[in-house]
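Some structures are shown below for you to check.
The two complexes that follow have subunit A in common; it is paired with subunit B in the first and with subunit C in the second.
Moving on, here comes the complex of A and B:
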């Protein structure tokens, strides 16, 4: 029997230029990096030279999953896809996209802990992985088809239970704003065109094997039940959105929407979500309804059910059935997605004839999901749509397009909020048709460059949420003050980190948050009421570090950072405590490699520092503080000119944010002047060789 | 116990069992079957053939069954994971005794997307396949050449006795609902054994879509997935004749 559980033992390697297929031993080479983003960064560091561009054949794509993928650990459906990011501007740097669905688990059952793709096929191909049988297959008949058609045909070939990760026309046409998608609605942005550049249409996986749990099955069952008991709703919101008989608190903003009288109205017959008492583990799936969260109570009657990833009881995707959209637009009456994917079509429009939470908005969602999830277009956390609105309403589109092209769009429909406008716009992005379609598909940074627009203006704008490097903020000062800002400086795209926001927004009252914060980060001062901030302190720096490490840990273990961490819970009898060591307990029991919380966090720090080292190496500068960790001007301004640290404003003081960065670098053990990790910081986490390599290039502080 | 003695017992069990689809009175049964109690003794010699090779014929009804509500299934597969992790110490949906993955994308009929099909790619309905704990005749047990599928108290579930199973997969081909699993690691068949009365899948479902309840006969209510292709071993076929022939 293999020494370790959790991992299934092999990394699948495929060179599309030569057609060579081989495997590597996971434990031997990658155990210290767990899996997921950890394996991704490690492969890029070891094998992809600095200066490589996204679409170069020597760039690699790593479909990384971790030891918990495919197990019964809740929320383990994530695949982290690492590559040199095509929308990272002005230069491709390492980044990761994450998709849920069934792909991660299926890959493990097929016997692989990750897939590394390199090279470029000389004609369109797809990769067939059916247990031990791995083949590069001709995809010429699939090329030019959407994601759905490609998935159907591959499923016909390798079986209806297959997990197929495919690109659409956008990826084929090297549109940087493109996704790879599996299981109907689970996508990873930015990766589509990198697959397209390798002539790789899809990866179809079918697995019949197993993931062994190293520990005793009775202990595993107990631990899983403990973890389940700590779950809240989506984003680990631990209080319901309306008063419930069992609940001490509620928060209207919570994604915990289930309640007596609230029905999955499009189920036949309708199903009541009920009071969802947190002690009833057989009702967890009724808590979250993200269609209702985003579209309002009107969405209840269109809700068929929740959907989501392997092993996750939360169901953050919502399946909605909208016959009027089918009748008006000739699309299927059922659609499903969440967050930016759900809102893909709707977010282009400034107004709708029946208001922001009416029927037309829902129909725009349906049209958007139908098209973008088939063409495989990425929203870049809805930056595409925010850019589009600004570019149109400020007359920039008109000024940049030739009259004939401009007039080829029905702008009257757009202004009125008619979803049929999407049929004109979205195919042209995917097919790179015309100036507008081409420019929008580039991503913000390259679009601004192409149209000679100033990035500084984007960094000043409040509504745009633009941060840097062509990408937006993702849970920044509006969720967690200085901590959110620090986190948003650290990555080469939006940070995709939820650790901090899932705590500050969990719905518990401030006094409880402060009590929990004191236990986790050593001081109640680590958290403020959202929108009533206090000046920086070390607790906030500790929370930022913890948040980033938890993100990397989750992305490497294949736990969902959108659902975790689980440091708060809905359980009154626990004082609303969660358990900060749940990840290490799951890891230890599943793999048999016993690590406590601190030890596992150190692995996470190793992974995070490797990302930092890669960024420094590929940027060719150690001046991270000034060149990379930048903060847009809008963070420091309040549109209504309210003073900083007063209730209701989320803007921050510039000097205080400087202090925040100082404290963060100090907490990390990095050099404050440059923001670069010191040799000691690298050595502390076992990255001495990385430090030496950077030293040779003069990239240590 | 001689077979002459056993046979009336068998009949008693059939006649007293509850929950059959077409329950009939003892009198009706005897009339329909065209035999009488006296007739049975005439058939005695057939039953008596080779006592040591007495074929295992399951007559006892199961006491419990897991029932699924497809409209509530959210497709998370926690049932499959609980089934295999908590019973076998490994996550292995391919050997799970509750089967969701195969219907998850497109429904039981295969790759038919959108309005023509079910599952995540169709109308959203996810059909969970579960063992019916069949009444007599139990197809999987009958097909087993080694009598490895036995009744086990307290639930009277039909259970694969791993010690007897020779891994021939005949039972896999016998079940019209494809509910027999095969563990490629052990080379043995496995099937739903109701977790000794506390099914892990039911406990694991986050949407209350699975329920454990008193046994009822679903064999003529759930359409079969396949036409069984298993052959009943000759000794068992002969024993079937003893009771069933006109």
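Moving on, here comes the complex of A and C:
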């Protein structure tokens, strides 16, 4: 029997240039990096030289899965796909896209902890992984097809239980704003074109094995029940959106929409969600309804059910059935997705004839999902749509396009909020047709460069949410003050970190949030309520560090950082506490490698520092504070000119944010002047060789 | 003796089930439940005495079961295991003046979380007021001194939120409402 549980033991390696397929031992080489982003960063560091571009054959794509994928731990369905990022502007740096669905578990059941793809095939291919039988297959008949057709054809070949991660026409055409998608609606943005550059249409995986749990069965089952009991709804919202008999608290903004009298109206027969008492672990799936969250109560009528990833009872991809969309637009009447994917089509429009939460908006969602999830177009956390609105309404599109091309779009339809406009726009992005389609598909940074527009203007605009390197903010000062700002400085795309926002938005009263904050980060002052921020303190720096490390930990274990961490819970009898050690308990029992919370956090810090080292190496500078960890001007400005740190404003003070970065670097043990990790910081987490290599290049502070 | 044991279990079960469904119970409803389940056979005076004894014994044995006396002096029953104090407060307020119900809920939200509350909240369970009721209440509220702290703010997409100026100033309430109604959806 293998020494460790959790991992299944092999990393699958494929060179598409040579056709070579081989495996590596996971434990020997990658155990200290867990899996997921950890393996991704390690492979890029070891094997992809600085200066490599996204579409170079020497660039690699790592489909990283962690030791908890496929185990039965709640929310274990994440695959982290790491590569040199094609929308990172002005040069490609390391980043990761994340997809849920069934791919991660299926890969484990096939006997692999991750897949590393390198090289470039000389014609379109797909990778067939059926347990030990791995083959590179001809994909010429699939090339030019959408994601759905590719998925169906591959499933027909290797079995209906297959998980297929495929790209659409956008990825094939090397459109940087493209995704890879599995299980109908679970996508990872930004990497579709990197697969396309390798002539890799899809990876189809079918596994018949299992994942061994090292610990005792009864202990594992008890732990799973504990974890389930701590779950809230999507984004770990731990209070319902309306008063329920069992609940002390509620928050209209919560994604916990289930309630007495609320029906999944498009199910046959219709299903009442019920009051969703948190002690009933068999009804967790009835809590979340993201269609209702985004589209309003009207969406109950169209709700079929929730859908989601392996091992996750949250079901955040709400399935809706909208016959009018099918009748009007000739698309399927059923669609499913969450957040940016659900709103992909709707977000292009400023207005709709029946208001922001009417039927036309729902139909725009249906059309958007149908097209973007088949062509495989990425929204970059809706930056694509925000850019589009600004470019159109400020007359920039008109000025940049030839008259003939401009007139080829039905702008009157667009202004009226007619979803059929999407049939004109989205295919042209995916197929790189015309100047507008080509420019939008580049991503913000390269679009600005192509059209000679100023990034500074984007950095000043409050409505655009633009942050840096061609990417937007993702849970910044608007909801987590200085902590959110720090987190948004750290990555080479939007940070996709939810550790902090899933705490500040969980719906509990401020007094309870502060009590929990004091227990986790040492002071109640670590958290403020939204729009009532106070000056920087050490608790906020600790919260920022904790948030980032938990994100990397989740991404490396295959736990969902869109759901965790689980430091708050819906349970009154626990004082609404969650358990800050749930990840280390799951890891220890699953793998048999016993690590407490602090020890596992140190592994997460190792992974995070390797990302930092990669960024420094590939940027060729140690001056991270001034060259990388930058903050857009809009963070410091309030359109209504309210004084900073008064109630009713989310803007921050420049000097205080400087202090915030000082305190954060200090908390991380990094050099405050440059923002670069010190040799000691690297050595503390076992990255001495990384430090030595950076030293040779003069990249240590 | 066995019959008494059974009767107490039935009573506890009736109260808990109703609490789970979000309802307070009056004695007469519990009595009717016992009749329906044939634990009591008729509603004569002797049976009433037996019922009171069963109820008393049940309440004594089960810590989660609570008796609540509102202003009218009529006891209501619920299980604290299945119904929170906050929900009980809502149900009691709902029995009275809807103006006061709205005002107290708005004040509670503004003070506790703190946040303004969407007007539509009052259409949904457990409030279940009609649009007409709500609008009528708002009209009356605006004219009464004891409700002068209840104010409203409208977001950029036209959603009405209510707040109490005792706990939130108008700028802050407007900003929070905009965040809750628009901002958070743009930052999913």
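The definition used in the following text is that the second predicted complex is superposed on the first by the 701 of 701 C-alpha atoms of A that agree within 3 Å, B and C clash if a C-alpha of one lies under 4 Å from a C-alpha of the other, contacts with A are read in each partner's own complex, and residues count from 1 in each chain.
The working rule: a contact is a pair of C-beta atoms (placed from the backbone, for glycine too) under 8 Å apart; a residue touches a chain by one contact, two chains touch by 3 or more.
Keep in mind that this is a model prediction, so the values were computed, not measured.
**Q** Please indicate which partner A:271 is in contact with in the superposed arrangement: first for subunit B, second for subunit C, both, or neither.
**A** Touch status of A:271: first partner only.
**Q** Once the shared chain is lined up, is A:465 touching subunit B (first), subunit C (second), both, or neither of them?
**A** A:465 contacts subunit C only, not subunit B.
**Q** By the touch definition at the top of the document, which applies to A:334: first (subunit B), second (subunit C), both, or neither?
**A** So A:334 only meets subunit B here.
**Q** Does subunit B (first) or subunit C (second) touch A:169, or do both, or does neither?
**A** After superposing on A, A:169 lies clear of both subunit B and subunit C.
**Q** Check whether A:148 is in contact with subunit B, with subunit C, with both or with neither, and answer first, second, both or neither.
**A** Only subunit B is touched by A:148; subunit C is not.
**Q** Name the contact category of A:355: first (subunit B only), second (subunit C only), both, or neither.
**A** second
**Q** Name the contact category of A:482: first (subunit B only), second (subunit C only), both, or neither.
**A** neither
**Q** Check the residue A:310 against both partner chains and state whether it touches subunit B (first), subunit C (second), both, or neither.
**A** Only subunit B; A:310 stays clear of subunit C.
**Q** Which of the two partners, first being subunit B and second being subunit C, lies in contact with A:161: first, second, both, or neither?
**A** first
**Q** Please give the residue numbers of subunit B that touch subunit A in the complex, ascending.
**A** Counting only subunit B, the residues touching subunit A are 71-78, 81-82, 84-95, 101-102, 104-106, 110-111, 113-115, 120-124, 184-185, 200, 203-208.
**Q** Going by the contact rule at the top, pick out the subunit C residues touching subunit A in the complex.
**A** These residues of subunit C touch subunit A: 19-22, 82-87, 90, 112-115, 117-118, 120-121, 124-127, 157-158, 169, 171-172, 174-176, 179-180, 183-188.
**Q** If you look only at subunit A, which of its residues touch subunit C in the complex?
**A** Against subunit C, subunit A makes touches at 242-249, 251-253, 259-261, 275, 277, 293-294, 297, 339-340, 343, 355-357, 382, 465, 473-475, 478-479, 505, 509-511, 529-532, 572, 640, 642, 647-650.
**Q** Please give the residue numbers of subunit A that touch subunit B in the complex, ascending.
**A** Against subunit B, the touching part of subunit A is residues 5, 70-72, 102, 105, 108-109, 148, 152, 155-156, 160-162, 183-184, 207-213, 216-217, 220-221, 224, 228, 267-269, 271, 281-286, 304-313, 315, 319, 321, 332-334, 336.
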